[in-house]
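The letters A, B, C and D name the chains in turn, as written, and every chain counts its residues from 1.
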Amino acid sequence: MRIMRALMFIASAWLMGQSALAQGISNLPREQTIIIENPQGTITNPSWFNIWMVARGGNSTGLQQLGMDTLWYIDADAGIDGVWDNSLAADKPQYNADFTEMTVKLRDGITWSDGVEFTADDVVYTVETQIKNPSMIWGAAFGASVDKVTAPDKHTVVFKLKRPNSRFHATFTVRWNAAWIMPKHIFEKVKDPTKFDFNPPVTIGPYKLHSFDPNGKWYIWEKREDWQHTSIARYGEPGPKYAAYIDPGPPDKRVILQLNHQLDIIHDTSPEGVFTLVKQSPSSHGWFKGFPYAHPDPTLPAVLFNHQVKPFDSPDVRWALALLIDIKAVSMASYRGAATISAIGVPPTGLYGKYYFDPMEDWLKNFEIDTGKSKYKPYDPTVGQQIADMLRPSMGDQIPTDAKAIANAFGRGWWKPNPEAAAELLERAGFTKQGDQWMKPDGTRFKITLLVEGDQRPVMTRAGTMIAQEWRQFGIDAQTQAYPSDFFPRIESGDYEAAIGWSVETWGGHPDLSFFLDSWHSEFLKPRGERQPPRNRQRWKSPELDKIIEQIRTIGFDDPKGQELGKEYIKLAVREMPIIPLMSYNVFTMMDTTYWTGYPNAETDPYTDPVPNWANTKYMFVKLKPAKRQ
Amino acid sequence: MRTYALYFVSRLAQFVLVVFIGINVAYLITHLTPIDPVEQAISSVTMFGQSSPEMVEVMRKALRELYGLEGSAPQQYVTFWKRLATGDFGPSLSAFPTPVSTLIWQALPWTVGLLVCSTLIAWMVGNFLGGLAGYYRRNILLKALGIVAMSLQPIPYYIVAFILLIVFGFLWPVLPISGGAEMNIDRQGFAFAASIIQHSILPALSLVLVGMGAWFIGMRSLVSNIVTEDYVTYAELGGVDRRRILFSYVMRNALSPQVTGLALSLGAIFNGAIITEVVFGYPGLGTLLVRAVNAGDYSLVLGITSVSIIAVAAAILVIDIIYPLLDPRVVQG
Amino acid sequence: MTGANGSKKVMLAVEHLRAYYVMRYFGTQREVRAVDDISLEVGRNEIYGLAGESSSGKTTFVKTIAAAIRPPLTVVGGSIRYSFLDRDIYRLDRAALSSIRWRHLSYIPQGSMNVLNPVRRVRESFNDFALPHMGLPKQQFSNAVIAHLERLQLKPSVLDAYPHELSGGMRQRVAIALATVCRPDFIIADEPTTALDVVVQKSVLELIREAQREIGSSMIFVTHDMAVHANISDRLGIMYAGRLVEEAPTAEVFRNPKHPYTQHLIASLPRIGDNSPRTALTGAPPSMADPPSGCRFHPRCPLAMDICRELAPEMIAADPHHRVACHAVNPVVRPGGEQMFAKNLGQRSGLVQ
Amino acid sequence: MLKIVRDLFRYNREFALGTILILVVFGFAVASFFSPYPPLDSYVVPPDVPPSWAYPFGTNSRGQDVFWQLTLAIRNSLLFGLSVALMSRILSLLIGLVAGYAGGVVDRVLMTINDTFVVIPLFPILVLFFFMMHDQMSWPLLAIAMASLGWPYDARLIRSVALSLRTREFTAMSVFSGMSARQILVEEHLPYVLPIVFSTTLNNMNWSIGLEVTLSVIGFTNIETPTIGTMIYWANQHTAMVAGVWWWIVFPVALVIMAFLGLYLLSVSMNEYIDPRSRLMRMDSKV
């Protein structure tokens, strides 16, 4: 009898589950709530909202998207009103002639969520406090460049810089994040701002904290009643009354949740998961309405080489390895074809097609490599087209036919696999072939250990596995090695030969390359064994490059000369092949229109990057409208 | 009474020894890791945002100071034990400056709740049914149950949990497959309790299924042996009520080895709980441990490992101490 | 078959009882004929002793007549009739069996550590065993138990002890008290004194005798110890290899043993002032899974004849109260008409002085 | 010996079923030597093809034939289990026999260490080990780590047998005849404990394969070596279940369950053969 009763109990519990539906949110009207994946997962330290401290609590929990604000935003895509947006600032930054002083005008009528007015004092406090506390995130950056910061009036801030810096405003310009403005009236009351948890946060963004999980699995934000006193109000009222940022679990669980309409935005999942969603849920779509769905983030995954390890210091070897890669196979293996490939050292995203790819195309077609024995033109401009053709039989109408659409979705050209040329290049570098195996100049086998991130970045891991396989087939003893938790610190420590990672990240919407390129200057290069600061992870040293960087430093952010210098960098990088560019970082952000519409998309309204951990996604909220419920 | 005191002291000594050895192993291993929490923290900043090379240098120095990573190895070891004596594991490195103990306290109730409930259910139901199966050896239903238990018993927790996840989360999605309770639920009252129970069904079920099989089989074979003991035969000859024989004679005597078994397998059961938590995204020590490992937060890893060793050893100690109540012979032996 | 004590009322009549251990394993079926064709009767108020080496089938016999039959032990044939029952005891269902236990039929077990539930106090054992059969309210029952214990000179404090806190002798006394508290008609005592040292043994035997007289029940008393039998049994049956070989009043058995095996048993008893060497039997007791043909004693019998190898001897009353199963004692009429007598058995075997 | 196996097979259902299961599993492992594809290569066949005549277990999203991948995976898993089992057997034999034979202080010290290992939760320790080794985490290292944690239960068992052997006459005889402790342990006692060692080997294999699967699936092992665990890991990475590529998960899980069951059943029937008491119980239930 007891058993029967137990069985009945279990059965009733099941029914309970059925009625309540898995993973619901209680006490919130679903049609006024948007549920978004927080890719940081479960937050270890959930009650920590002091976003100015290094790696303490969550930041893409909605905190930086909905609660924070700073002077300017640059969009990775087109932007609502152009790429550049003056957010807390009323205007663009004003530099003096030699870039030693920057003046900022601030907006009027902005208030913190507790009703206190936002003023220039907050900006000054933000800079001064962090200079005093170098363990705060932007403390070191401010300390290195700011001599003095003053507020001549309530809405003006003047930065006196230690040395000329035409890019100082970048610290306050959001690309994913930037230096957020601190509420002076809160922080000045605490003794030690580095030990203050800022709970509950006083926000300057359009939302305020509603509640959060003490175990760090979810955060719920509520639209401020005084949202009109925030910078975003210029574009209208944010749609959702509530926004929940949740940890939905591993990729398959995310797909299940969206199939059940319990997760409006998936941050990222596997390509296979996306195919399932597209097939089974008509209301789900990605950045591209059809294949490849994913949003190309302005980051350039590449094969990184450690130039301080022989033989990777040789451009011949690097070029040979590039010519052994069949990018079509890599695209298939990693993204199942849903990759946007790039042959050059900038990501093929945002407006970069217009800025760099289209102008470079002719140069690339005519580019020649000389192996000493013969000359080759390695660039194949039709690779993107070929990938599209390859996918068309299985994907049908999803694949665009228009050449421009294909270029946007799948990329343009890439290097044609050319084992002959690769062999000639290796031979020139002193390599020999014995039987099936390539030997290094010192007579030992040519071995490559290709570091990948494992399940922290499955798609990249899949790409690495494919590339290692292609090298293996040529007679190089290549193996991937997964190193999931400590990947970039390890790469920066110099303890690697080759890796699938990235050292190129750009604004996406803005052509200026200093965001990553400045750190590639040889003045920052560390000797072998010492830790290399980001982002010259390949430890490339080139006097030519140094010259380009120095020139960029002297011109303004919006100076059209910047783009020309950028092209110089690209040409140099093609000749030297310091890293082998592969593709953009495509994020499979999937949006469900069951409760909300108005998400950005590539074809009709690319107004912002939808990838939800980007702080820029705050622009999405004013575009979101409740779906018409049947 | 003196014998009991002696017994108590020897058990206590065993407890202290286990905890000491275990924590030392954990300390040694965590401090051999190549992962540097400072670099992890810096990397999390530079991954997306801006990063000027000068700034990284300054930040590295500041963080090193802040985390208190200075000091020689023996000094750090002594500090560790001094702190531990007051129940303090120092600050977490991935959630600095929150103390490790705070993080553990947040996670512990979930793990303990899940673990205690499922272990007790598995133990009681498994032993009860196993006892019946050993006593009524010809009952078809119990025989069938034996086959099921036998097939479940060798399968590791992960596989069972994984199958449950697929069946009830995907093929027939009726149960929550992640989290400990519904989001934003009022954290008191019946609804909260119901939500917790609902969310714990799958993780608990996987623990119960595997655990029950082992208890079932163990109890069945114990009972089949005890049935041939003189006192059982004698009680049968004495016409003692059959239910009384089953419970007071057979099961009651088989219980003591099963209690010992429970104590010995607590470590393994704890492993199972960790794995189950990871599979079902349950907010306990297991998921905290995995996150700590991936964040390179060795003070948190060390804290969780130490707490789990202490908890398991303490649970065993408690079982050992109450054991004489179950079997009055122990203290004398 | 005529009862040995025909005049008295028969309490237990066993006829041609055969109880085998039947095992099937790895494809082969094995039978152990632990009790093979035994017939005997026990009268009212009588103590019937059953003797024999270990593994002679005594314990199996006792289990069978106590209806403690669980596989692989199987009753293959024969009958067991108690005067208080209208059919064979082994045909009773559980409930019926339960209702006669302790009221009519009780059991004193071998005095090992394990007869009392080690995790229950003695009082609880009394409650379990006797309370349902006495039909008394709890308080009265408790008084009755205490009165009974006192009658047997046991302190009521034993009731609060755990079995492991009692000495072996005490445990045995408690077991006896437990077996007799319901004043049963028939008691089966299975080696109740075996595990005890001699001094304790004596007092325990007295206790049993006492209790038996007091409640006037019949008893089967099993032990391999002939000296104990001499002390307690009214009548004695000797078992060898699953069979009864001789049966007579105790004094008669000791004075005039007829079966060569019995003669050996009696002869091997130590006597004061007798220093002559004891002769040992050659060979070991037979395996009951594969017993010798004919008379099971023949491989060790000094008097073995051809016929002993071929034909199993039957129990035949040589005297009115004395039955023996031996070809040497009871001549066998063979188809050929030849008669055989064992003459001067004692002298020829040299076993009896 | 052969007769025993034959009889076991014929009359002991557990043994028969266990043998069949293990033979099937073993057959898979052996088949790996005939795999037409290099084990690490992907995209050698069209991806995501459901089971068919050409690909009996289908192909996975990495363009590998699930059947051949599985053969290699089960071979590595079995090999892993076996090496852990063998290494930990050596430890448990050594410690069990010495403790049992020496007795006294040695016994107490060894058994205290033993009991400590029994109660320490292993999983965090193994995770810690991964934490320490990270990318140097290889298959043999994991095997060694697990072997050094997997001996205590069985050491206790062997000790109890050795303890009983010590009091037997032949031990005393051997001592008197001047045999050294090592000789007595190896020549006299070892043969008695070997059957137990055999059955615990099977159980230990189950334990270690199970733990390996678990660690791999969470990503705490070297994911490059194909094992059952890493196969499920890769399938999860490709969200195989929601993507409808069920064959990538179902077949490895089914095969590994077969292995678990097979090993378990064999060890149960083995125990029964060794321990006559449980054999008697069986007779009990058959009659």
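The rule is simple: contacts are C-beta pairs under 8 Å (C-beta built on N, C-alpha and C of every residue); 3 or more make two chains touch, one makes a residue touch a chain.
Fair warning: this is a prediction, and the values are worked out from it, not measured in the lab.
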Any idea whether B-C or B-D has more C-beta pairs in contact?
B-D
With centres defined by CA atoms only, which chain is the most remote from chain A?
C
By Cα centroids, which chain is closest to the centre of the whole protein?
B
So the centre of each chain is just the mean of its C-alpha atoms; given that, what is the distance between chain A and chain C in Å?
92
Using mean CA coordinates as chain centres, what's the chain B-chain C distance in Å?
56
With centres defined as the mean C-alpha position, give me the chain B-chain D separation in Å.
23
Mind checking the centre-to-centre distance between chain C and chain D? Centres are C-alpha means, answer in whole Å.
53
Multi-partner residues in chain B (2 or more other chains touched) are 34-35, 170, 293
Sites on chain A at which at least two other chains make contact:
252, 256, 484-486
Chain C: which residues touch two or more other chains?
none
Taking the complex as given, what residues does chain A use to touch chain B?
3, 6, 10, 13-14, 16-18, 20, 22-28, 41-42, 44-45, 48, 53-57, 133-135, 137, 139-141, 143-144, 170-171, 175-178, 194-195, 210-211, 213-218, 220, 244, 246-249, 252-253, 256, 260, 456, 484-486, 488-489, 492-493, 515, 518-519, 524, 531, 533-535
Within their complex, chain B touches chain C through residues 229-231, 233-242, 244, 248-249, 252-253, 256, 326-329, 332
In their shared complex, chain D is touched by residues of chain B numbered 14, 17-18, 21-22, 25-26, 29-30, 32-35, 137-138, 150-151, 153-159, 162-163, 166, 170, 221, 224-225, 263-264, 266-268, 270-271, 274-275, 278, 289-290, 293, 298, 301, 304-305, 308-309, 312-313, 316
Considering the complex alone, what residue numbers of chain C touch chain B?
66, 68, 94, 97-102, 106-107, 109-110, 112, 114-120, 124, 128-129, 132-133, 162, 164, 178
Using the touch definition from the top, list the residues of chain D that touch chain B in their complex.
112-113, 115-116, 118-125, 127-132, 134, 206, 210-211, 213-214, 217-218, 220, 232, 241-242, 249, 253, 256-257, 260-261, 263-265, 268, 277-278, 281, 284-285
